[in-house]
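Can you read through this structure? Questions will come right after.
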Amino acid sequence: MRRMPWPGRALAKSVLLMAAASAVIFLCTAALPGDAADLIAGGRATPEELARLRAEQGLDRSLHVRYLDWLSGVLTGDPGVSLITGRPIGELVAERAGVTLTLTVAALAVSVPLTATLAWAAVRGPRWLRPTANALIVAGAALPQTVVAAALVAWLSAAWGLFPPVSMLPAGEPPWSRPDLLVLPVLTLALPIAAYGAALLRGAIADVVVRPYVGDAELRGLSSATIAFRYVLPMIAAPATRLLAVTLGGLVAGAAVAETLFGLAGLGELLVTAVSTRDVPVVQSVALLAAAVVVAGLLAADAVAPRRPSKAARP
Amino acid sequence: MSRRGLTVRGLTVTDRAGTLIVDRLDLRIVPGEVLALVGPSGAGKTTVLRAVLGALPSGLTHAGGRIEWHGAAVRAPRRWRRRTVGFLGQDPASALHPLLDARAAVREALPRAARTGGAEERALAEVGLDPADIGQRRPHQLSGGQAQRVALARALAGDPELLVLDEPTSALDPAALALALEQVRRRRGDGRSVTLVVSHDMSVVSELADHVVRLGPGKGNDVAPRTPVRGATTRKPGAGAEPVLEVRGVTVAQPPGGLPLLSDVDLAISPGETVAVLGPSGSGKSTLLRVFAGLHPAEHGCATVVGEPLPWVVTERSPAAVRALALVGQNPLGVLNPARTVGAALARPLRTLRGLSRRVAREEALQLLATVGLPQELAYRYPAALSGGQRQRVALARALAGGPAVLLADEITAALDARTAALVFDLIDMLRHDSGLAVLAVTHDPAVAARADRVLRVEGGRLHPDSCSHHDDRRLSLDAL
Amino acid sequence: MKRANGSLLKRAGGTADGSIPARSAEQDGSPPAKRRSPAVFVFGGLSGVVLLVALGGEVMAWHDPAAIVAPPWAGVASGLPFGADALGRDVLARVLAGGRDLTLTSLAAALTASALGVAGGLWVGWSRGRLGRAVAGAADLLLALPLLLLALLAVVALPGPVAVIAGTVLGGTPLTLRVVADATAAARHTGYVEAALSRGEPGGTVLLREVLPAHAGLVCADLGQRLVLAVQLAAALNVLGFGPAPPAPDWAAMLRENLQGLGLNPAATIAPAVALAVLAGSVAALSHSLVARDGLS
Amino acid sequence: APGTASTGTASQPVATDIVRYAAPGSPSNAVTDPHGLLPGESDVVRMALTYDVLTVPGADGATKPRLATEWRPDTTLTRWRITIRGDATFSDGRQVKAADALFSLRRMGKKEAENFGRMAMFDLDASKAIDDTTFELTTRKPYAEVGKALEGATFVVPEGSDDFGKPVPGSGPFRPTNKGGAQAVVYERNDTWWGPKPPAKTIEVRAVPDPQARAQALLSGQVDLAGGVPATLAKQQEGNSAVRLLRRPGATLYPLVMRMDTKPFDDLRVREAVRLALDRQQLLDTVFLGYGEVGNDLITPKDPTSPPNLAQPTRDLAQARKLMADAGLAGGVELTLHTTTAYPGMDSAATLISQQLAEIGMRVKVAVEPADTYFSAVYARKPFYLSYLGGIHFLDVVRVTLTPDSPTNETAWKDRTWSADLDRALAEPDDAKRRGLLGDLQVRLREQGGYAIWALSDRLDLAKAGLSGVPEGIGFASAFIDQVSLDG
């Protein structure tokens, strides 16, 4: 059997992944107890009323019909309307994309360098620092985001008065118009992610730095930066890119806590609310958006993985 | 600023247990001179180099002494190394960045200003590598000798003031060796360059060195070499004996399915026989051994071992066939798992191939260490804490542990001084004599070839019986010192 | 024909005996104690203590952790070093007693997820067949799904602690798998793996005895990572009713309950948060100190 | 975002003609249809600004006219003639007519599953418009409280409107603008509104789900009014003169539901024992930090028909234990009390209740359930749980939970004579007499029923000092913020 060449294979793989992701997301949401009709009625409707409500929302159709219907909608650029608010999903997403994108980009800008620094310190920092850095990373990543947010607010806002404790973005202006309002949400997003990322990367880095060619590079006097960027980075490119992809996808959905705590209306809050109201079309669309980001990143990771043909082919 | 070269005063290095590895060593190399550091395996040569570079491996401590460069202690060793030092380590095959090709590896050592006008190509050509062919290859596509020359070219590329070479010629054939020596010799007497070289090869030492410093034996903890077992080599294999390894019409391509490297190899080795294979670097000697070991599929041909058919894929081999062949690879650092202690590495084949119990295997492992001249406490060390020659002997011991009928030995004495090498070959001779061990030894070393029953030479992609003399008089035995 | 056999080395060793100098004979016997850096001891020991408190703290609490002993959100006072919580219960007593289930669950979750991921990764990285690619694809698929959805589903379908384990497996194993698979694929070409193969060691043995130890650092870092995920999930799922039923104390539940009173008694939130962080940190440090060895980081 | 106050960090000059309100609710469920489910308070507020309603609840709970000026029954109390104002116009310039009002009521009737059957008492098919300003509403049974039935959510939209995906004209005091996006909705004053001219030119409504975040938004000057702030935060702000704490008594209760057709609650003595065993003061002080009042088991204590001056039950463990013993439960009983984290303090209330009930031998296991599905999986399905009531009047509670065949008859209240007496009360045209009858029914429910109402919590709002015009009253009354103003 001949395998397809790389770009074609990658494309096929991503299409397959996205199709599978959309189906699994759909099934997951459908498998959660209760549906939108249930939750709209809040337990107060008679079975007949509920049935009517379901029929109105198209929830009475069989699972695969609903899925195919939604899928064909997405493919033709119309993901449908929210079951709860009746508003077009495209509109809901577009309204919130700005906030989430701004948060995400800013959080990445903070967390990527922080991740690298933390992970490097844990593996290659001064010897005495390494266990401390390791423990810090794990502990930092283990704290729930709500606690991180509370600590940031108590410290940067209440105690030092540097930034507002919540972020009521001015109505009708772009999210970046008041950068001071974004500092705390961005840190709330970025700090745990940086620690989490570092926890993941340090393993890969530790694996690479013990290889003899890194030690040799040190003996030849190459600078830490050269070793990091030329010797270690290419070898961990795949896990790092994969991490970035998952982080990015996670950010879209994981922004929910920061958005809720700081009073921002973004995609994360939309996803979480839609899950809790079983607003399947909305969950689908937002989750699929996040999945697309991850899948693209994972493909990139496959592409940058160092390819080493074997010294000798083995069956 | 005074240019007084490199001075080492009273250098003392100990390991964690406090054992002296290097004891109050004094060295002085003035600009334009080459100093050679010699001594038995495990004597502390590499350790001295690393101490000079200011980067002892973890596990060793700089317990005393001063190292001065042009009369002053080195402040920022790393920057100093980057700017001033060219370094070639003892295990070049493992020391090359796996993702950089040969050109890029050399380029890295060049000062920014010198990175134009094909400087990389020139550097490669000077050590006898064809830049057009080798330039694009990554380390896994290089032979042992090629990798060593790439690393040498890299060390020389920036024309460093201080050149530190650890066994720079261990994997080189005579032609390549001559080129390499020429490169170092150029530095002599230029009034600027300081060169510190470790070698066990007397011809190298006598050609290059202005001074020779000998580190005492057993400074580390190696066993003193034994007197050779007389008469071991006198036993000639019986003419009519059935060959233990028989190979017919084998064609080997590198990479598999690519252009043939060796064609129509016919070979028969009788029990107790030693066959040496010589040939230029990159001619396919190692690849041939890998074919026999089942790590590289042959294109054509068939083989039998101890009367059993020998499929090319190791998983298809019968247990007897697997047990009959043992390979000692060319890169001793690479063939030992960094995460397993020496003892564990040795006990494993004793258990799987010889079926010993855990306890017996552990004791046998200690015995094995002794037979290759290593102290038993090494059993508890990880490979990173061994000297180059110690690693090589551990790899050999591991291969012997399974009790093979044919030993596929790829440069097994390259990292060893002459006396230790002699010890190893005495051991092998004894096994040949006692249990009919056959040896297929790939080597550059005329001393090894001299001990072989037959010598074959790879030339033009074929394996010929050797016509010329084994005794390359350019290489002298270190024993003569 | 004479064959090399079990007697080979006995005889060879025997011959060598005479020439082994006394010095190395002295060094026979017991292995030298493995030397580790003092930091490893300090952190290993500390982690042990923390784990001990997490698991057995209950006996140290002098108040009944469920008893109401003060007004709601009472501040730090004598007898109440960390003040009181929303109901007026002793925060210190609750912190001491509230770690066991969480620790056990997240440890189990982390170990399960890591073990599955490592086993899968070794296999996928080794066998380069269709099935391996399919498993890698499935891992990618899991990575692409929002963890929130998977965790919710796990909570719905499974009882509490099992849900945390399932969530950690679903959310964490794919990353472990891919990372370990990459490392394994690279390790295929190393000399020591080739040496093992040419000795006729079967693939599984090579993976367990050669590849896995060589990447122990990676695996142990990964275990720490899974633990973090498990703790996070346990805390997050607590809001959904996972965790011991009230009034039993639980760090994750305390965080949720006491966060609203941060302005009134900050210690009520800080104490469980620190406990949680220290727990995760110490388990990671412990696992590190276990694999730390000479010549490896 | 929790934490302490930090005023002044984001102080921007506040134009006095704009009032910014952070309301409980989620921006992600901001609905546009006024007649279906209104998931958050912010949704009700937005609708109340955009559309007129027929009647509104007053601060004292009594019904007040709004778009409807008069509602007058015939002698049978089944046909009601509703008169609406003639001077109201939709934003597209059309006059608001009786047909529009009737259309809107019918639309609500069709969406009964989403609005808990608010129009269930009306026969809307039999109702008809009479002229531009009057229409006739027919009730299914004699029903004297039609004014009350039309309270709060009867948003009037133009006849024929059915697509609420696009803005639908309203006749309310404010008009939504399309500024704001997902973050907030900005309303401009409707200068042609028939009512008293709203002082604020612009009102900005933001749905903020997290109560701490709402409070912090006010404290940091990012909004002028924060609805529903947590008691812990209110307590911290008690001495702060820059903000004003608005308390609306009796807004929320978490009734303890005991299902009367399930053991052991099928025995009145057990229900009584539970009511006697509760330490109401401790619950109030702990769960609501004292912001509220103890309950005396009346389900709608703030309803105008609720009888005043009833004796306050106090904790009597001896009597409770005796009742338990009489019921044959001297050895105690195992129970599971369901609760959730959907509303603040609900889980601590359950924990505390379980500890209090332990003293009469009830071994109560507390089960904290997911908030999402609490009202579809626990509500009216489990025999023992904490329910939620937020400022609805008695007849609404009756319709939803005290009608024998209602699917949400959570306590299994099936007292036929009580129901018959209720019908009789509703057919009583005399207000005072009817009030007496209804009060009586509530007392009977209090004694016999399956509810234990242990405390009422205040609704706490934080307002910037100088903000006025915030409506008093609970429930729907609090949604009509059109008269808020910031002076200075």
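A, B, C and D are the chain letters, set down in written order, and residue numbers restart from 1 in every chain.
Here is the rule we use: a contact is a pair of C-beta atoms (placed from the backbone, for glycine too) under 8 Å apart; a residue touches a chain by one contact, two chains touch by 3 or more.
What you see is a predicted model; the values in this text were computed from it and never measured.
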item	value
A-B or B-C, whichever has more C-beta pairs in contact	B-C
Cα-centroid distance, chain C relative to chain D, in whole angstrom	49
Where chain B and chain C are represented by their mean Cα positions, the distance between them in whole Å	41
Rounded Å distance, chain A centre to chain C centre (Cα mean)	23
Multi-partner residues of chain D (each touching 2 or more other chains)	2-4, 212, 371
Residue numbers of chain B (touch at least two other chains)	57, 140, 295, 333, 338
Two or more partner chains touched - positions in chain A	33, 150, 154, 210, 275, 306, 308, 310-311, 314
Chains touching one another, given as label pairs in label order	A-B, A-C, A-D, B-C, C-D
Interface residues, chain D side, partner chain C - complex	2-4, 212, 230, 232-233, 235-236, 285-286, 289, 340-341, 344-345, 347-348, 350-352, 354-355, 365-371
Residue ranges of chain C in contact with chain A within the complex	37, 39-40, 42-43, 137, 140-141, 143-150, 152-153, 156-157, 175, 178-179, 182-183, 186, 188-189, 194, 197, 215, 217-222, 224-225, 227-228, 231-232, 235-236, 252, 255-256, 259, 262, 266, 269, 273, 276-285, 288-289, 295-297
Residues on chain A engaged by chain B in the complex (per definition of touch)	210-213, 215-223, 230-231, 234-235, 306, 308-315
Residue ranges of chain A in contact with chain C within the complex	13, 16-18, 20-21, 24-25, 28-29, 31-33, 123, 127-128, 130-131, 134-144, 146-147, 150-151, 154, 196, 199-200, 202-204, 206-207, 209-210, 238-239, 242-243, 245-246, 249-250, 253, 256, 271-272, 275, 283, 287, 290-291, 294-295, 298, 301, 305-306, 308, 310-311, 314
In the complex with chain B, residue positions of chain C that touch it	1-13, 15-17, 19-21, 23-24, 27-28, 31-32, 34-35, 189-192, 194-201, 205, 209-210, 213-216, 293-296
